[in-house]
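Chain nomenclature is as follows: A, B, C and D, assigned in order of appearance, with residue numbering initiated at 1 for each chain independently.
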């Protein structure tokens, strides 16, 4: 039985790890970290866990935690994992960091977009970007996983095959994403109140959102050349779900069948990536609560562009689910253990 | 492996049975009945099932179905199950009817409140009212289960201990219930459009709702005398969830501890009924997607009344989940097999 | 032109006063009080007012305000108005207080339910409870108006005729109310985040909600005897709207027509109270954005009870709209000036 | 007093015309056309109009209507207005058509994208495209107005200044739009049920949506050369509101100030177009219920693109409000008469 510790277990992503591990046969959470709720019963904060989780919330002592568990998930704001990790800890325990601290290889880029100084740049090189479908082999032996961001996961997976095969102009990519509100976290902010979010749609972080360099870096690896994108996230009145709609110029005309073959080449054996048929647009309702990403595309002969779409649950494949998938790979378990929930609809 | 057939598998309750059985180790759906979608792939209707369910929808042939499966769930409008069932079928297969056809023992009462003629009154006596926590023993040997209505399940379970123990005035009970919209079904009706339901709250079926006699009958059995209630359901802008707030006059003053002991007496060993502590009001978000009913109460010394509250997912414990729970009891399986989903929040 | 000052203009109720006064021919807001946003442009906080309101937010100086305006609306937490008002101010300016400070005539009752010490009990007697349809004559000459609470307005108006005429048992009244989230205010609280409110329904303040004594006091005046009620508010995922469903035992059997005549007697000349026909249940969508209260009732011969229902926009008739209605009465204007918005649907 | 007739008054757009005209000093609705509800009281269908509108719904007799009113609004599916209009009628009455029948000058393009044969192509040339801010002068003398589509209005107005001034590459424009559900109409369709729309986001009509040629035609007029775009609408769980996020490549680098000056040149005197400051992203909540379009932009120096954003209420400026604005221009009234509602928030 894998012993799991979570730092930040009372945020939405942390709580989702708790939910998923509850349904995992080979793992159990033994440390419910939460600075805000130390000594309170976890089930008093998340009452869905009443009579399921009996433990109390504990503080963020990573040293102590390293002795108590096999793997630590840090579901915390940027900067925390980077400030806590050290070689002693990494010798004892595997770390899956859900923050952005180890996602970007270039420290200067990280510090510029995030506006904070990196506290442990010496581990960036070692850290593996935990996009399971792409980096599976490296993940197996990793000590430190940089769990991908929600928008990057959904955007990247829906574009990846076309970029990898060099079929689209790498300077033409525009990603327009829409996200439910759980992505904004559980902090008490006026902007996230029900009355402010409901009946509203807005873009945010236009041309400045921090997930931009993360997406560009990963797409550049895939392309083998520099990719520069526009990325615009939008907040919409749902709880869960991300839909990414991406536009790129085809280098040459392609038929539906040709493109479909490209997607199938990369994803036909991937359990969690479902390539829809006949250009059916993906919808967030069809993946809610599950670790699936549904991807699809439409070739527009008129404009010579391809529209690539992906739908995903931001808390599962976009955060906690992918983190558990990484854990499964690291511990040699079936990749979908604990992640076989059928999407819940309605 | 129990072979399951569903008549009405493309309604919300039917689809929820499909979702639950997917996660059930000892059962599999082999017949996806759906008059509206015959010969269409099930996963084209419910796209969450893409790459999970490969079958096509089939027609409602109960004779043929009886030969093909071990248990039939009828998730259909009132009257259908009553018109199809017969002795030949019941000899071959167990039936769990999610409609109201066999819930009410008095045919005249059924016909009056539902406004239709009962097609097979000869089976009413035999049918067992499938409220698992109360009728567990009878369910074990039943051939035909009348799966309880959503409002009756939530209302009854939150009131039951007080009525059973004779602690409240049986003529004083008022039940004010609030339901998400999935309870209204998947029919294409203007009243259930997003723009009509969102930002709206309304009562319906005031003093005439069909679940009234069902609740009264079950409470009367518990009380050992006739119970007459007011029951008012309300439609609110959510997908899933029922909250029932019930009022009754205490026969004599009682403390919180005394009442708590009564609830614990009935529910402390019930896996699916969680009695909250310290009069914490239950909330539908804490049970969503699960088979739990959270119940709680508040004694009001000023007025001498007790307010009893229950929260439940109408599609799970209020329909498909309780149906599967009944199946588990009928087939001698652990009662919570396939029903251990942790409530999903947010 | 009536000069209006608002203390608390950046809360939801305060902002609604701003919206309504914008559409009022005889009044204009000249003081946008907001402690939290002093010196910020009002339209930077409420961007709907961009290019409509040019003013900046100002501090809460009631002395200075009394010299600058003709009427002050206090849309602030309990206790503030009571701590600021004095005889000098009341000689200069009329005050319409949207808090509870002057609603309850018995100081001890106020202090018990609100848990705070009243700072100016000497003005309680003078203050007029601003339920326009009932106290119109007293309002005309008042200096200080206690603007009614949202739940009391909706509950009272839907019950009033029956209690006033002595047709229901005054000890039998149970009020079960459902409210949108704007009633919880614009404070940054986890409980009011989109992800916590959406897909959720819960009761709160069960048997202890502060609006209980306010409703009881007003119903007791109407009845001419003491009325004691159960009142349970619920939070549901909408922005605006209150639905109150009330139950009472009829003293003697009555027909629909008899009861309808009672309601018409009190409301047929009231512009803002619409008595629906044929027991049609009121719905919050049909009053949203307007100052209307839609009321209706259903006689249940089986149980001898009457179910009385009212729907209202909590920010309009339940707060800002009724406050403006009070202002109109106090200044001798047509009662519906600035309040003729047609309900907006969808 | 202008006499108004509405064909299709019980759809969402038609009902919004009713709401707006109620608040218009110089116009009144005298004919509530509705094939589905002939002879029913209008206020029985839209109960917000109880005690406000007393009329009954009438059939679609355009001949008779032409004699009874001064202006006819057709808020009906494509093809109806085209099939009813003739020279006799146009001599008697002005027509404002909210469908697409007269928006596209090239009949072949219309017939290709809409898949129906045009019934009165002889009036296409005469019809004026009713985008008030651009075609004001032609509208004054028009007999037949083609009221713009919702997406075209919002998309066009947020892009127009840049295209008109020739500052962006006309082949580079990508419009990604998000719409509330009222845009899908009031028809009883499973896809528009609350449970299907809520907690969901999806693209639709990808590369094939009918508003594409309408936007292209208008942008081409502005550019003085052919513009070809990608346009992707998305459905999100709100009632009202459209947000359009558009991307284009700048022909040369521009500063914020330079672009702002361009937008101000076109819009500083336009009452209904608000250019936000400092690249603030527009939000649908700030325009809900009003005829405003809020536009803004962000220059992205990295990619050399400009992101242009517009927010609008699809039922007001995107349909009924713009139709009334057109009526005001045609009848020589102040352009904002009946359209001065302040946006309602929350």
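Just so we're on the same page, contacts are C-beta pairs under 8 Å (C-beta built on N, C-alpha and C of every residue); 3 or more make two chains touch, one makes a residue touch a chain.
Bear in mind that the values here come from a model prediction, so they are computed numbers and not experimental data.
S.K.: Give the pair among C-D, B-C or A-C whose set of contact pairs overlaps with that of A-B by over half, matching residues by number.
M.R.: C-D
S.K.: Tell me which has more C-beta contacts between its two chains, A-D or B-D.
M.R.: Per the contact counts, A-D leads.
S.K.: What chain lies farthest away from subunit C once each centre is taken as the mean of the Cα atoms?
M.R.: Computed centres place A farthest from subunit C.
S.K.: Quick one: report the Å distance separating subunit A from subunit D, using the average Cα coordinate of each chain.
M.R.: That pair's centroid distance is 38 Å.
S.K.: Hey, how far is the Cα centre of subunit C from the one of subunit D, in Å?
M.R.: Their C-alpha centroids are separated by 37 Å.
S.K.: Which whole number of Å gives the spacing of the CA centres of subunit B and subunit D?
M.R.: Result: the chain centres lie 46 Å from each other.
S.K.: What parts of subunit C, by residue number, touch at least two of the other chains?
M.R.: Residue numbers touching two or more other chains: 12, 182, 195-196, 198-199, 237, 239-240, 283, 285, 288, 346.
S.K.: Which label fits the chain touch graph of this model best, line, ring, star, complete or other?
M.R.: complete
S.K.: Which part of subunit A faces subunit C closely enough to touch in the complex?
M.R.: Subunit A reaches subunit C through residues 12, 181-182, 186-190, 192-199, 237, 239.
S.K.: Within the complex, which stretch of subunit B touches subunit A?
M.R.: 12, 15, 19, 22-23, 46-52, 182, 199, 239-240, 274, 276, 280, 283, 285-290, 294, 340-346
S.K.: Where on subunit A does subunit D make contact in their complex?
M.R.: Touching subunit D from subunit A are residues 171, 174, 176, 178, 180, 195-196, 198-204, 206-207, 228-230, 232, 234, 236-241, 243, 245, 247, 279, 281-285, 288, 298-300, 302-303, 305, 307, 309, 311, 346.
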